[in-house]
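Below, chain A partners chain B and then partners chain C, in two separate complexes.
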Partner chain A sequence: MSRENSNSVGAFADDRGGFGTVSESSLSRLDRVRRLLDLWIAAPLRVIWNDARARIGTFLVVTFVLVGVVGPWLVAEPRVGQAGLLVGPFQGGIVGGSWYELSSATVAGVSVPWVALNWPLGTDNVGRGILEQVVHATPRMLTMIASAGLFVTVLGTTVGAVSGYVGGNVDQGLSTVVDIVLTLPGLPLLLILVALLQPENPIVLGIILSLQGWAGMARAIRSQVLTLRSTSYVEAARAMGLSTPAIVAKEIVPNIMPFVMINMVNAMRNVIFASVGLYFLGLLPFNKVVNWGVMLQLAYSNGGMLTLDAAHWLIVPMVSIVLLSMGLILFAQGMDRVFNPRVRARHSSTAGDDDEAEDAEFNTPTTSVGGGL
Partner chain B sequence: MYEYFVKRTGQAIFTAFVVITLSFGLVRLMPGNPADQLRGQLIRNNPDLSQQEINRRVENYINIDYSAPLHEQYLDYVAGILRGDLGRSISQNAPVSEILGQALPWTVFAFSVAILLMFAVGIALGAIMAYQEGTRFDVSTTGIGIVLNSTPNYVTALLFLYVFGFTLGWFPTSGHISSQVVPVVNPLRPVATFQFVADAVYHASLLIAAVVITGFGGVALAMRGNSIQVLGEDYLRVARLRGLSDTRIALRYVARNAILPMYTGLLLAFGGVIGGSAILEQVFTYPGLGYYIVAAVEGRDYPLMMGGFVLITLAVVVGAFIADLTYGLVDPRVTTGGDGS
Partner chain C sequence: MSDGHTGESGRRLRETRRRFLRAAGAVGVGGAAGLAGCAGSNVESTPESTGDTGGDTGGDGTESSETESTPMTDQTFVTPTTDVPKDMQFNPYGQQYPERVAFALFENLLYVNEATSQFMPGVLESWDIGDDAVTLSVRDGYTWHSGDAVTAEDVAFKLELEIHDGAALSNIVAAEDVSVVDESTVELGLKRSVADEVFLYSLKPIALDTPRDTFGEFLEAYRDDGEAPGLTELTIDEPNGTGPFRYVHARNQEMVADRFADHPDADQINFKRFRWDYLQSNQKQWQALRTDSVDGIDNVFTPTNIAESYGDHVREIQMPANWGMGVMFNHEHKHYGQQNVKRAIQYVIDREKLAQTAGGKMHVPVEVPSGLPGNFDGSYKDWLGDSLSDFDPYEPSTDKAARLLREAGFSKQDGTWVDADGETLSFPYKIPAGWNDWTAGGQSIVQDLNDFGIEASLNPSQSYWGDIYGNQDYVVAGLGWPDGKLYPYFSLNKLLNGFRSRTILKFPREVEVAPLGEPNGEKRTVEFESELEELAGLTGEAAKKKTQELAWVVNRHLPMAPLMEKLDQAWLTTDDWNTVTQDDEDAIVDWPQYYLPREGKLTAKPE
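Take a look at the complex of A and B:
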């Protein structure tokens, strides 16, 4: 409901001439801004807040972004020998241990109470803090994931949309390419490419690792575009003489957004798995770069497997990987509901028909999650 | 159907051709030219070889004669692969085809068992979840499925290795069979054969468990979604009104329609999982295809590396080809031309 509402709001704004006699009452500028805010910010937030999965996913993703952006300033850089070797997590007990210190810090000339952390998650076998390593690895991880997501989305939607919209020989050719890329087994190719190029830059690494990810999205988008092209409302919009960009923005994009989100998140997840795996195998160059995979590798090869002393060294990066990828998946599922107009309508205050399909929300099939790596 | 067959065969051949070309290009583009590297290595190890002998050896190893013009190099390379000649491994000093030929059955064995188990568990669980949609069982299983699905299989593998391999000592931590077991598969010697198979399963069990545990969640969620969709169809209501038994409805109507779309997923999973075998086999020191590829990349053993890549890729291409051709057998709608364009 709210989506149709938004279209009419937008149409009033953009469409001069056209069918100007639809409504007598016009919205003031303030009203229009308020409605747009409500539509694009408040309603999605309400949807997210009312769905447990979306809430957890958003929380995890936001936390990781915060850790990636602010973390490196708050947490000391991991250095060899900054603490004792193989210190356990929460040294001295969770409460009253020596892993935290109540002190004070000066913020803008005012002294405020502050908690200083001393290697709360323990240290590795050369005395580097585990938490410190995890935190300092996060920015590169996020850069890599973001570049992979962007690359996959741009290439996947472009190829899929062109292929579905243009059709004919172009479609045939692009589909063949997509099929070939889909059948190539990813990891062996990545192993070789990575050995060949030795990428250090996280952006480049993200793109290399997602070289296959776009194909799945292209296929999904293509079939969606094929279906959408012939729907009556798109034909109607075309008959009304709306420009192609307008049709794409208002009719096509909201419909393919869930597919974009799911495929993008899947690609991101695969990039996380692949990069950590390759770092674990020691095939990606790292000299001073900390990475969760490098941590896993070091913990694995330095006896983390054999003694309980080093268990935290192995488990902390594992938990980070799982939480990040889980956060992304849940976030994407939550976004699925944000883009679903029926769910949104229930949470939108401006479009006030709340009695619409109370249980429709529960019947929307859950988005399926792809197989393993 | 005939037209589709021709088209699909053409596509498979074209894909194989692209893969081989890609591998040729990759070898040629390798930094520090593998042929020169190899030549240097040979000269260092055997100083009394003549230039000609060295050239011949290099060609023998990497299947590419760098002195010939590019198109001849390419044709020779393709012809070599078609004859099954993948060159000679530098680090193992044996023909690549031999090494990979020995490794391949182990990878195929371990991962087929793993994937079939994963799908069996996932499908059964997904169907139960769909029937009990909205119950506490459904909600909690969905949650567990998402968590397990967010875990890379090598993380689970490391944990299993740590807990069951090293700490508890219940399972072996490396290798594919015990050293004292003789590998025989012979119906005339059932005891030895059984011992061998049991030992192989025992050695692969942690690897299989790691794949199944991390993979079944995704399968179950997909199956749940499909089943719920089928459960809402009109023909199901008709079937109930006709008074068909619940078992018949569950198996012939719901299960069949819900599983069909996952058939291609199964075969794609094979490609993905076997492709991802490298890391798992490394963790368990399980000498399969992936293990050798990683070893080759680490040791810059170009012939073994490219051979492994070509072999895995061709295996996946053939697998996908067979899948697409047999899909008609599983789903009659394709053969009758319902929507099988």
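Take a look at the complex of A and C:
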């Protein structure tokens, strides 16, 4: 009753204290957009720029995405017999060598000088360029890890957050499912599924390879949410009558984002290793387009570990896997800082003065889970 | 009919052998003359004259011709095995029979030179093949490792067991027609007349590995009921052999056998022991040869870069396998049972490029897909004669392939061939995982097919043999098309009539075909079983004519698409061992490290 009265505009129109605080100055729409852009785009970029890990990670990930998107247009498709067999990388060296030659390319009808690189990373035992294979395998690798990452994140976060926040029977039910999935023997299950389905589509493959990954994430998220739901500011939000989706979206999720990111990246890394492992063991069908795991398998089985002649064939996909994996980890660690409101606010030019930053720090529970990983 | 392998066929074989050696680039005029000189000398050979044979060719590359003066050593010849030694069972009708180890422990009835189809004595000293009977003479001096003498009874016992078990010999000889004439003579009654090669090749895989006291009850069971339950389950841990090496022990990682001094060829062997190390993969075997931890390997495909990394003391012995990859179709499949689709696939695959991709040094493309091996030396042309030009060589032609598919009701949509129902022409191309040359070649095949619009993907499968022979769960797969024997009957029988053709390929038992050289002539029905039975008994011109007729059926109907033929690679080291070079024909017998010691051509260097 009294609440209704207090909300009644007419009765206490001039009372700005208590719950009815209103900004002293109003922002124009443009200002608001600028502020949002600053907070969500510019500030994160500044955070990334100021953090070496984030910078390197982002660079690597962006490079791989570029290679995956643009690379296949620029680099010739790998084909059997397109070059000599087992040509070494950088044949003849850079000066006076034969691995490059002056050529010409036609741009908008005009012929311009161009340097034609001849199999700069060498070729394999059937005469396909190694660089060409790595580049043309990248889109499928990225699609696969993206699908795995999304699958694990969406399912794990949803189940974990709902289970942790709603509680009761829902929690029990979901926890049981999670427990069951967690206790399934991972590798045998994977081998059986792969043998039965023989997946060739990278999206399907990504999902199959991460079928178990979501459960661990859901479990961890649930425990995070359980701690968060009893924090004072969430209770306050509940007391204020905010809807559950609003509380989850505004109060809970931002605080578990670093954790989600780290888990997503872990899922992506795992799927890279799992796919490479399965291709390496020859359990997945080779596709039209080669895969890094297939490259490793072929290189290994043709003596890539025994002779220098074939070493480049083994090393190049290995380096690609390491770089992409490392890029993802560094990127996730950097994201931890980006999602930290305190750090972001410090890098935001429109987020207000130091007091506000202090407030932000004060208001933010110290979730160091992500950063601690 | 003939004694051993003399006469016209012998002359032809000698010619073939010279051609192979020339093709392998391994022999000069003197070598060829020397080799030809010893052909045909085996039938009447005694242990001594076998030694002379070695002496004849010694000048052409044998480093150890003076074996008599080579002193005994304590050396061990180390070689790999891909069978787990502890699990080896020496029951030839069971699952864990180690075939390679068996070459040392058991004596074969006879041996054959794979380049020439020349037969050489083993337990059998000679053979006389008549129109309705064959007389086999057992060489004197063989002893079981238990000490009992090997007699004609033992040979007859083994042959009878083989016939009951359904070996190739059972097509020619009935079990009740095996009889012992005297202590060293066995006589076999023939169901019908057969060519010498057909008969001798059916004896080739048979070794004296079934002592009567162990296997007697099973032969009794076969004689009584026609069945011998339990034969396949019989386990033998310590074999009683007949070969030049006697079993000592088998452990987790190694199996050991010692020289058996009572073997008639033991004098030729101057090393004490054979040891098999368990090296399961090609990689491990390559590495073992690189690090000198083995002395020889019988058969492992080795990429050129690996071979070049071996030291100079590692000698490569190339042997024509008379075998190679083909594309096997499942004739029950709605697409791949169609003649036009099979022919289109044969037109699409560039066999020249395929052989290069699989390893040009060890593979040659099939020149004319006719089901006849002999592409290494061109010997298949002798069999086809003037009719060669009538055969379709299936030069790569996507136009011809497209025309065939359109005729069969297929059309191309978005770059892919689909049938009238809109179903895509696609298949996973199954091959055994770990076969490097096939994996490389498979990539070339898949690329050709994809470019043409058939959605093939390469599927090197761990479960390959189970899928093919067990579940028959395949659409199209890679498999060897010839039978490993140069004589044409065998691969024609395998493609048109054998177990594989009937139960795996599900190829029809009879087809309609136009006469050879007249594609538009009136078609005749070819019933495979009777025609191949007929071919088995023919010799000379009649055999040639029938071979051409059946090769023509293969050329038109393609039960498999023959693609390439390979050389097997065996490896011997020479730092501690005296051995032959590639020039010596004796090297081309399965397998050098097992056959050569018997001839005194693989001896340990004095320590």
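The working rule: the second predicted complex is superposed on the first by the 309 of 373 C-alpha atoms of A that agree within 3 Å, B and C clash if a C-alpha of one lies under 4 Å from a C-alpha of the other, contacts with A are read in each partner's own complex, and residues count from 1 in each chain.
Criterion: a residue touches a chain if its C-beta (ideal position, glycine included) is under 8 Å from a C-beta of that chain, and two chains touch if they have at least 3 such contacts.
Not measured: the values here are computed from a predicted model.
*Asks:* Does chain B (first) or chain C (second) touch A:Leu296, or do both, or does neither?
*Replies:* After superposition on chain A, A:Leu296 lies in contact with chain B alone.
*Asks:* For A:Ser325, decide between first (touching chain B), second (touching chain C), both and neither.
*Replies:* After superposing on A, A:Ser325 lies in contact with chain B but is clear of chain C.
*Asks:* Determine, under the contact definition given at the top, whether A:Glu200 touches first (chain B), second (chain C), both, or neither.
*Replies:* So A:Glu200 only meets chain C here.
*Asks:* A:Thr183 contacts which: chain B (first), chain C (second), both, neither?
*Replies:* first
*Asks:* Determine, for the superposed model, which of the two partners chain B and chain C contacts more residues of chain A.
*Replies:* It is B that touches the greater number of chain A residues.
*Asks:* Which of the two partners, first being chain B and second being chain C, lies in contact with A:Ala310: first, second, both, or neither?
*Replies:* second
*Asks:* Scan A:Val47 for contacts with chain B and chain C and give back first, second, both or neither.
*Replies:* Neither partner.
*Asks:* Between chain B and chain C, whom does A:Leu283 touch in the aligned arrangement: first, second, both, or neither?
*Replies:* both
*Asks:* Where on chain A do the contacts from chain B and from chain C line up?
*Replies:* On chain A, the residues that contact chain B in one structure and chain C in the other are 195, 281-283, 300, 305-306.
*Asks:* For the complex, give me every residue of chain A touching chain B.
*Replies:* 53, 176, 179-180, 182-189, 191-193, 195-196, 269, 272-273, 276-277, 280-283, 296, 300, 304-306, 311, 314, 318, 321-323, 325-326, 329-330, 362-363, 365-373
*Asks:* Enumerate the contact residues on chain B facing chain A in the complex.
*Replies:* Residue list for chain B touching chain A: 11, 14-15, 18-19, 26, 29-31, 134, 142, 145-147, 149-155, 158-159, 161-162, 165-166, 211, 214-215, 217-219, 221-222, 224-225, 228-229, 232, 265, 268-269, 271-279, 282-283, 290, 293-294, 297-298, 300, 305-306, 308-309, 312-313, 316-317, 320.
*Asks:* Please name which positions on chain C make contact with chain A in the complex.
*Replies:* Those in contact with chain A are residues 282-283, 286-287, 290, 303-306, 308-309, 353, 356-357, 428, 433-434, 436, 439-440, 443-444, 446-447, 450, 457-463.
*Asks:* Within their complex, state which residues of chain A touch chain C.
*Replies:* That would be residues 79-81, 86, 125-127, 195, 198, 200, 281-283, 285-288, 298, 300-303, 305-307, 309-310 of chain A.
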